[in-house]
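Shared chain: subunit A. Partners: subunit B in the first complex, subunit C in the second.
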Partner chain A sequence: MPSPLTGVATDLKFRDPAKARELSAAVVRLCADIGRDPITLMHVCGSHEQAIAKYGLRSNFPPALDVIMGPGCPVCVTDLPEVDEAVALAEQGVRVVTYGDMLRVPGTARSLLEAQADGGAVDVIYSASQAVDLAWAHPGQEVVFFATGFETTAVATAALALRPELPPNLSILSAHKYILPAMEIVAQMPATRVEGFLAAGHAATITGWGLFEPFVERYRLPVVVAGFEPLDILAGLVKLLELVRDGRAEVANAFPRCVTREGNRNAQEQLWRVFETVGGIWRGIAHIPDGNLRLREEFAGLDARRRFTIDLAHFGTDAPAALTQQCICGTIMAGSASPFDCALFGKECLPDMPVGACMVSSEGTCRIWHTYGGRPKL
Partner chain B sequence: MCLGVPGRVLEVRGPVAIVDFWGVKRETRLDVVDEPVEAGDWILNHVGYAIRKIPASEVGETLALYEQLLQESGIDLMSADVRSELEATAPSGSGDA
Partner chain C sequence: MSVSDGDARRTALQAHEDRVLMKHGAGGRAMRRLIEETLAAGFADMAVDGIGLSAFDDGAAIRVGDQWLVVTTDSHVVKPVFFPGGDIGRLSVAGTVNDLAMMGATEPLGLTCAVILEEGYLRSDLEKVHRSMLEAALEAGAPIVTGDTKVMGRGEIDGIVLNTTGVAMTRHVVSDAGLRPGDRIILTGTVGDHGIALMAARRGFGLDADLRSDVAPLNSLIRAAMAAAAGGITAMKDPTRGGVASALHEMAQKAGVGILVREELVPIRDVVRATAEILGLDPLHIANEGKAVIGVAAESADAVLAALRAHPLGADAAIVGECVTEHPRKVVLDTGFGRRLLAEPEGEPLPRIC
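What follows is the complex of A and B.
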């Protein structure tokens, strides 16, 4: 057996190499104790995948351990018709503002970037507040905030919607997603065989780790909340493997310096005052009951879907381009394939000319593996 | 998109805090954070909003990762994420209060 973590400890600037070695040895020992091959653990966060790939953590996992990324990229799961709505609005002369990753995500006929190239007004923002600023700056034009992201980001949209004074020309097109119902769907997929979930620390900062208790109860799968530093991730995996070994379906918090059981109640209160869950298709994966967040009736005045008649008929139902049909992004996010299983990965599909959304978004598995070299061959 | 970025509060002006991010003064909204925030506190900023107060005892742990990431090029996905979180804060004095 290679000595755990030799490469990582020296190359990757762990602040505490001894601790890293100890945790890595524990991962190896626990996998041996469990004795199954493969042992599949899933995380659901682009930042986790970035850190795992960037710091080469997989190169120190035993071959039996498969740590995979599930549907943790909100941009990637945004469905074609949702992109089409934003494109149609831009074509109608509405100013569409959105987070940067959304620009190149393909719709049925085109992306927002292509709509922009054809003269549509499309702006990239980094913060929900910048949508408000842009609406004040363009009083003669309708401004639509095409809002994407999981609950952590949806909270900012909710806080915006609750501001006492908003520009009258601002509305919200919500493509926000709620991760927990997607975990439930993936947990039930026979092809996936996930034995435990690593939950994203900062999302749990908002929701609290208590959110996962009913999930654990129902699906008999352990969940561990983990932070984003390489050491935090290793510590989270060790805890998760311990729970798997002992057959304990429990929630554990391996990120206590940021996450409590209750979470940020103020944020939750704002989130659920503004949004309610509704079922919707997550691109390439499945219909996820309660997986989307839409504005509640009280916020109808702010809802772009009610303010505008959005006509998607002209996009047609033509079959997507031949290359797009080969994209297996959805299967990757469902946990039963890796980017290496896609014939286009790193060839026809590259960050500069992405075929699928998983190569567009910096949180997509394909983009992350292309950047950092993906899973080392063991 | 999930990392957020930590900063130290210099001043609170109603719903907005003036925050020092590695020597750069920016504005962060305080609508979402669930504890009172005052000058000297550390907060974690995500898409322009403080999502939690970071206890002083834990700041060192939190800062280390970011300091390493900020030294890297913008091509790196994690450093690009941290940079866009900084872009998400308003320039100090933009009057968004």
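What follows is the complex of A and C.
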């Protein structure tokens, strides 16, 4: 019997190199029409950067086109104290379960991976519901779901919190982020070169593309919602360049097979029933008003921050501050610099000993450029 | 940077590095650095007539008269011990036979087998492991000629650890450092099968997919390739931990050549491609236990490919790229959509968040 996965990845029609060449040619034409150098477009999603780098799309962009990644890596912008909280819980005997790429993120003193090496119970999960399974499987132990990510994963956490029956030993440490306020911060920056945004298709599947209408109105910058296959991204860029060329500040949906104007109402309702926005520091960037998602009062019983006394004092603040000060992740995520502008990139700052936020996760700009060569002359 | 900044950073790094982490066993840069700084220190400088520790090859080759004695050793720990497509017994024989074969020694004289068992280990499981070893040894024509058995207390070791050492003679030793510009890069079959099968067996992703390890002794396949190549094979490596990407990086760096790989030519089973995609992993980073990366002079490439494809273990073999003078020591992947560097894996592959 053929496997149900047969052809899943090979037969995708959004991976047709011939169509990609046509779209790349359109990108080149549009950039020539616009005639400025550079033309800077920003996407706000690690998965977009992954796809752009993984398929080598940049090697076919015209030199004038700068497609940069903004603050789109939820793992990278998770602040030191948030990582410290999870590490401290693991140290005090709590079973911490989280998504794989949180493990390497350094806290003030150490990462979850290092806490695990020292005997802490840390489990990698692939979906929020596995946190529930693990809590049922370890009834004698407190299990904390260190929940990270943007709206996409926050909805899964919300659905979990709304289950009628949950194991009593399960709680949630939310480090969830909300992307729109961070886009506003970038748009407000006086020095911003960004002429348009490519918005993340999966988040927009939930929020709907209508979410960006007030943003476009206020900042007069076009937004195009795009998917994650190479053709999705190229088609999104073509649409965005058309809007830039015509000087039209509009929202366009280049991912109509998944995204609607109103989005997934049911998911939104669950998200906002469980979470509320609160201001917080995004690592390397700034304090983002309304940028973090925290559990509402009525879910206090599920909130790890209320269930445990988490002692962060013992971590101290003996991080190598001077080197961290040379890190330009903030400017990179704001779109004003590239990893190649950083003196530490690929030298003191490497994937297995990152200095800054963008090198920590496989979703971070520096990590992705270090891995795939950024914009190589090949 | 001021002196004190450098000191602070070094102190921070030492604090970071005073323990062995899982990444130090993952076959990448971290592991190499640890070995160079600790275990290999001193030994790497001791004179050897042939290929010694400093070469960081699959094994050693010591000149004996007009031949080479090839020696290699491998310890095996695997979770789970029994996995789809094989078990630790088959793995321990195939791993060592393959390391010998990668150096051109395809007729093992003998293997040793050391077993360390945890108190309470099931005798029936041990018998199962033994049957697999015997089966693989018969398949490879590699007799196990001596061994050692130890038992440790409960909790002092995790179940079973196997070590095998292999010896063989060859007249034509092949290193992993011999690539030259113009050489073709051949993969002997589909990539990623072993690592993905193990990850699925460990984590139970709930995927209803037929994922099986490719673990197999390759010596008869390599023998056929070497016979067809008439001296044209310039380098070989088995892409185990770190996958094909790691193997190609090491080969490019040791030889000082650039490698260009065409992604569409890389053989990958549909289910492996799809599972890796779902988990955000690159099949080129995933471990294999029954495949080889072979560098061949251009004029011998077609003959080697034909010989590989005529063998049951090489039916999916393909020429996937070539060595170039551009971008020396770098591996570049042509994706069909553009070009980029082929990443060198960092630590154990961890699935991404979204």
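A few comments on the model shown:
The rule is simple: the second predicted complex is superposed on the first by the 336 of 378 C-alpha atoms of A that agree within 3 Å, B and C clash if a C-alpha of one lies under 4 Å from a C-alpha of the other, contacts with A are read in each partner's own complex, and residues count from 1 in each chain.
Going forward, contacts are C-beta pairs under 8 Å (C-beta built on N, C-alpha and C of every residue); 3 or more make two chains touch, one makes a residue touch a chain.
These figures come from a predicted structure and were not determined experimentally.
Judged by the touch definition given at the top, the superposed model places A:Gly149 against both subunit B and subunit C.
In the superposition on chain A, A:Met102 makes contact with subunit C only, not with subunit B. In the superposition on chain A, A:Ala267 makes contact with subunit B only, while subunit C stays out of contact range.
In the superposition on chain A, contact of A:Ser129 is made with subunit B only, not with subunit C. In the superposition on chain A, contact is made by A:Lys54 with both subunit B and subunit C. Shared-chain residue A:Ala159: touches subunit B; no touch with subunit C. Looking at the shared chain after the overlay, A:Gln326 reaches subunit C, while subunit B stays out of its contact range. Of the two partner chains, subunit C is the only one touched by A:Met353; subunit B is not. With both structures placed on the common chain, the touch criterion links A:Cys258 to subunit B but leaves subunit C unconnected. The contact surfaces that subunit B and subunit C form on subunit A in the two complexes overlap at residues 15, 46-47, 50, 54, 74, 99-101, 126, 149-150, 152-153, 202, 362-363, 371-372.
Of all residues in subunit C, those touching subunit A in their complex are 1-2, 4-5, 8-9, 11-13, 16, 19-23, 29-30, 203, 205, 207-210, 270-271, 273-275, 277, 279-280, 282, 327, 332-341, 343, 346-347, 350-354. Those residues of subunit A lying in contact with subunit C across their complex are 3-10, 15, 17, 20, 46-47, 50, 53-60, 74-75, 99-104, 113-114, 117-118, 124, 126, 148-150, 152-153, 202, 230, 319-323, 326, 348, 351-353, 361-363, 371-373, 376, 378. If you check the complex, the residues on subunit B that touch subunit A are 1-4, 29, 31-34, 44, 46-49, 51-52, 54-55, 58, 61-62, 64-65, 68, 75-78, 80-81, 84-85, 87-90, 94, 96. By the touch criterion stated above, subunit A contacts subunit B in their complex at residues 13, 15, 45-48, 50-51, 54, 74, 99-101, 126-130, 132-133, 149-150, 152-153, 155-156, 159, 162-163, 200, 202-203, 205-206, 228-229, 257-258, 264-267, 270, 362-363, 367-368, 371-372.
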